[in-house]
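Naming follows writing order (A, B, C and D), and every chain is counted from residue 1.
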Amino acid sequence: MSAARQFVLTLSCPDRAGIVAAVSNHLADQGGNIVEAQQFGDQETGRFFMRLVFENASRELADLDADFAPFARQLRMQWTLRDRSRRRRVLLLVSKFDHCLADILYRWRLGELPMDIVGVVANHPRETFRHLDFDAIPFHHLPVDAATKATQESALWSLIEQTNTDLVVLARYMQVLSNELSTRLAGRCINIHHSFLPGFKGARPYHQAHRRGVKLIGATAHFVTADLDEGPIIEQDIERVTHADTPDDLIRIGRDIERRVLARTLRLFLDDRVLLNGNKTVVFHS
Amino acid sequence: MSAARQFVLTLSCPDRAGIVAAVSNHLADQGGNIVEAQQFGDQETGRFFMRLVFENASRELADLDADFAPFARQLRMQWTLRDRSRRRRVLLLVSKFDHCLADILYRWRLGELPMDIVGVVANHPRETFRHLDFDAIPFHHLPVDAATKATQESALWSLIEQTNTDLVVLARYMQVLSNELSTRLAGRCINIHHSFLPGFKGARPYHQAHRRGVKLIGATAHFVTADLDEGPIIEQDIERVTHADTPDDLIRIGRDIERRVLARTLRLFLDDRVLLNGNKTVVFHS
Amino acid sequence: MSAARQFVLTLSCPDRAGIVAAVSNHLADQGGNIVEAQQFGDQETGRFFMRLVFENASRELADLDADFAPFARQLRMQWTLRDRSRRRRVLLLVSKFDHCLADILYRWRLGELPMDIVGVVANHPRETFRHLDFDAIPFHHLPVDAATKATQESALWSLIEQTNTDLVVLARYMQVLSNELSTRLAGRCINIHHSFLPGFKGARPYHQAHRRGVKLIGATAHFVTADLDEGPIIEQDIERVTHADTPDDLIRIGRDIERRVLARTLRLFLDDRVLLNGNKTVVFHS
Amino acid sequence: MSAARQFVLTLSCPDRAGIVAAVSNHLADQGGNIVEAQQFGDQETGRFFMRLVFENASRELADLDADFAPFARQLRMQWTLRDRSRRRRVLLLVSKFDHCLADILYRWRLGELPMDIVGVVANHPRETFRHLDFDAIPFHHLPVDAATKATQESALWSLIEQTNTDLVVLARYMQVLSNELSTRLAGRCINIHHSFLPGFKGARPYHQAHRRGVKLIGATAHFVTADLDEGPIIEQDIERVTHADTPDDLIRIGRDIERRVLARTLRLFLDDRVLLNGNKTVVFHS
């Protein structure tokens, strides 16, 4: 209703009676007004998840944060609190195929993806992306092979730290991150996986799908974990294919699925709608 | 978590700060524990909508009702409170085409649609539905023509009253309800409209769609209002068609769309997920 | 255009120049007029596939058959020729869950599935399906366990032979056919597989999908081969699910996918639109 | 199979017996080999439609053309014959919103749209599209208002003639073409219409859809005719929306639908898969 500052709170904790009322009261006591709220109680794990958007005209984020911390501790919460106007800092990693990168840049320019892109990292040179307008976004060419992988990842990590990156997006970055880096980036690194997961794993999934004669192909966006392509799934989609589609057709159709699944995933993440629930996700759609 | 009795509360009221906290507190004060909550603030009308599922082991519905009424009055709420285990009483109206009726019966038998079917009313005789097993559901043949319409509707209304019907479903009932009856049933009568709304109106919509050469056809479920086919939309879906599909193909494909849209709508309604917002609906999906 | 008798010809053969012209001429020489034609040349295997519908007012099927055989031999064709008005003889196999069976019966009654149902075979008693109207369709209770499997399959095979069954449909028949029976029924036995293939195999696929936190679930219809769940895929579909869906929800949603995928597959098969291409299929949609 | 030159033939004519055989023979007599063939007989109008791809290693397009003309005359055909490697010359028209333009350029660069873009025409200056890389594609700023419309269209027409444009794409070109120009471009001018047709007409369709509370929004690609937004439909698609989506959300979601519907339509057109059938289209999907 008003133009007051908006904050987004996400939390998860052991489920018990009265959490909603307790959280609502806590926010109201600080002068907050809840404008969106979504919750989910996982019957299997007994864990409770919540996302709230509230307005608070009188308090600063730091104050709200300081007040919420002891309250959250009592309820053993994992939580995040964000000024909704504070844009996430996102680093984009890409290899040769730039359909996801081009799509992200386009949507970002249009305002569909409220984020600051702090850099584009590629293991291919700038020339590969000569048709893309990067504006003032810094481009980093970090080539990599088996021998230089550790060094390259360490350069990558420095960059992540220097840029205060909140989220790393593997926008068709065809390198497997090391276990160390995957673990460091837990919960803040998203990958788009060509092919419907769980399905065809390993190399050339579209060729595998073609050989199998499937009538649907798909793509999966997921958090990166040390276990390649097995991280928590955030979003998936498919398209119909036919016997007449060649592997090249599947790759072309796959590009469309990949870019729209990744774009949707980014929008969800940037609006704090994706919460981790062990090896799964809770995704609060609007 | 527990097996305590569950209640569903839906409400709408003028939006203002603190509603969520106030409602949460009210329920908590009564010993309730919120297990599901969804809300929506309509920026255009300034109206607030909420659906809550809560457990309360110690109180009866009548007590909760009596306690909530004065609270709701203060906030100028429209509201409903239901014992979630109390099944809705549903009356099914049908004409000659029984694909929606057969589908509803099948799903009801499987437990997909938690409701009591208090009767089937048709303007065609029982023989029309000879392949359907109505079990103990009473069947009422209420034929109708222009001359007998008032009498027939009055018999229909008596039946609705005698059976304590909560919801009337026009499951391909090809008669237009009078303005009087539509108004009496406001918010508790659902229709499935063949053809995508707003789109082809009037007779033989699939033939209209075929003549126009559309590549998609659809169906719309909506609340019945005096303004035919213009009531608040609850759910819609479509399927692709091609130049090779004849009007008969469209009708066949349309049957599939109609029955799945109507079934989804019923599930939503039966779980108190559909709230009226003027000429629109707020639908809280799970 | 006319009301002449229609025939459906399907064929596959090594690809070479002039096949379409040769076939067209052969049919024209017999007085036939082609009203539908679809073709596909598999670039990888060099195999050519075709489906033709033609009218012929003056010839009988036996004559057309006799004339086509030597022509087909020259081009090393596999082929089928059918009087389009001759309905396929279909045997339905089912276990306890009858959602596919109920759906097939309903569509058959409405005329959506032009076939003669020669029998329903279940390893559960007739009482299990007491709400289904089988009309004059013979019902056969063929219970089975590890000890009686060979005997039961031999009774099943006798039934298939006595009834001149053209197609066996495993409409959620939860028994694995033996290699022998699978091989005997090659190309004329269709199964509906709960869960998207290739994906979750083995027992309780919806529970597996739930544990994995997928956002889509699906079903696959395929020809039965000795290699369980790996036969040529005919049709697939999916629906979106969320973190809030329980395994029971997935099973319920899965029922809808299963029945519509199986119904579509049957319509395709009954209109000779499904051709085998090694471990894949060529499916000529209208 | 071979790498021989491929030609695409499309034709429509009054339906009668023997067309397929006659065409097949004609092509075979010229040394052609049919590699794709699709046909449709419109039962209502008695008109027959066909698309053939054939290889011919020995003949030139001009010769094939000269040979086919008298044959086609006999059967009263409307027809086109194209060397499949001859890329269509396409002129793109755009106003302020460039999501369709950006998408077309991206797909064209990737080779998804085999065409030569002969120019981009906008009624907004080049600066509007400063983030788009036009490569060597000429850009033409043709501003227009009520007073200058005739002059602007005449400049546009000159450009179409000078560039030998085969197809004009209104890629969110927000100007209504005059009846004269629409008529001149009959069958070779494609528009993308925001909003599902037939549905919301007139200004601000997404706001109309929002007010009506629809659960689906869509887009339609169609041939331009003098009757605005009523031309033959080529392709349509939709996405689900909810009560929580604002008009701005609908516009954003609409952009995605619009660009994918237009891209699909272009691919279909460029491969000669779209045939006019009065006020409808026959679209031969692969």
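Please note the rule applied: a residue touches a chain if its C-beta (ideal position, glycine included) is under 8 Å from a C-beta of that chain, and two chains touch if they have at least 3 such contacts.
Computed from a predicted structure; not experimentally measured.
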- request: Would you mind naming the chains that touch chain C and likewise touch chain D?
  value: A, B
A-B compared against A-D, more contacting pairs: A-B
- request: Report back the single chain whose CA centre is most distant from the CA centre of chain C.
  value: A
Field: Chain pair equivalent in interface to C-D, over half of contacts matched, among A-B, B-C or B-D
entry: A-B
Message: Nearest whole angstrom, what separates the Cα centre of chain A from the Cα centre of chain C?
response: 42
Task: Provide the C-alpha centroid distance between chain A and chain D, rounded to the nearest whole angstrom.
output: 37
Field: Touching two or more other chains - residue numbers and ranges from chain D
entry: 43, 242, 244, 285
Field: List of chain C residues in touch with chain A within their complex
entry: 40, 42-43, 196-200, 211-216, 218, 232-238, 242-244, 246, 277, 279-283, 285
Query: If you look only at chain B, which of its residues touch chain C in the complex?
result: 99, 102, 106, 109-110, 112, 131-133, 135, 242, 244-245, 252, 255-256, 260, 286
Query: chain D touches which residues of chain C in the complex?
result: 1, 15-21, 24-25, 27-28, 33-39, 41, 43, 46, 55, 285
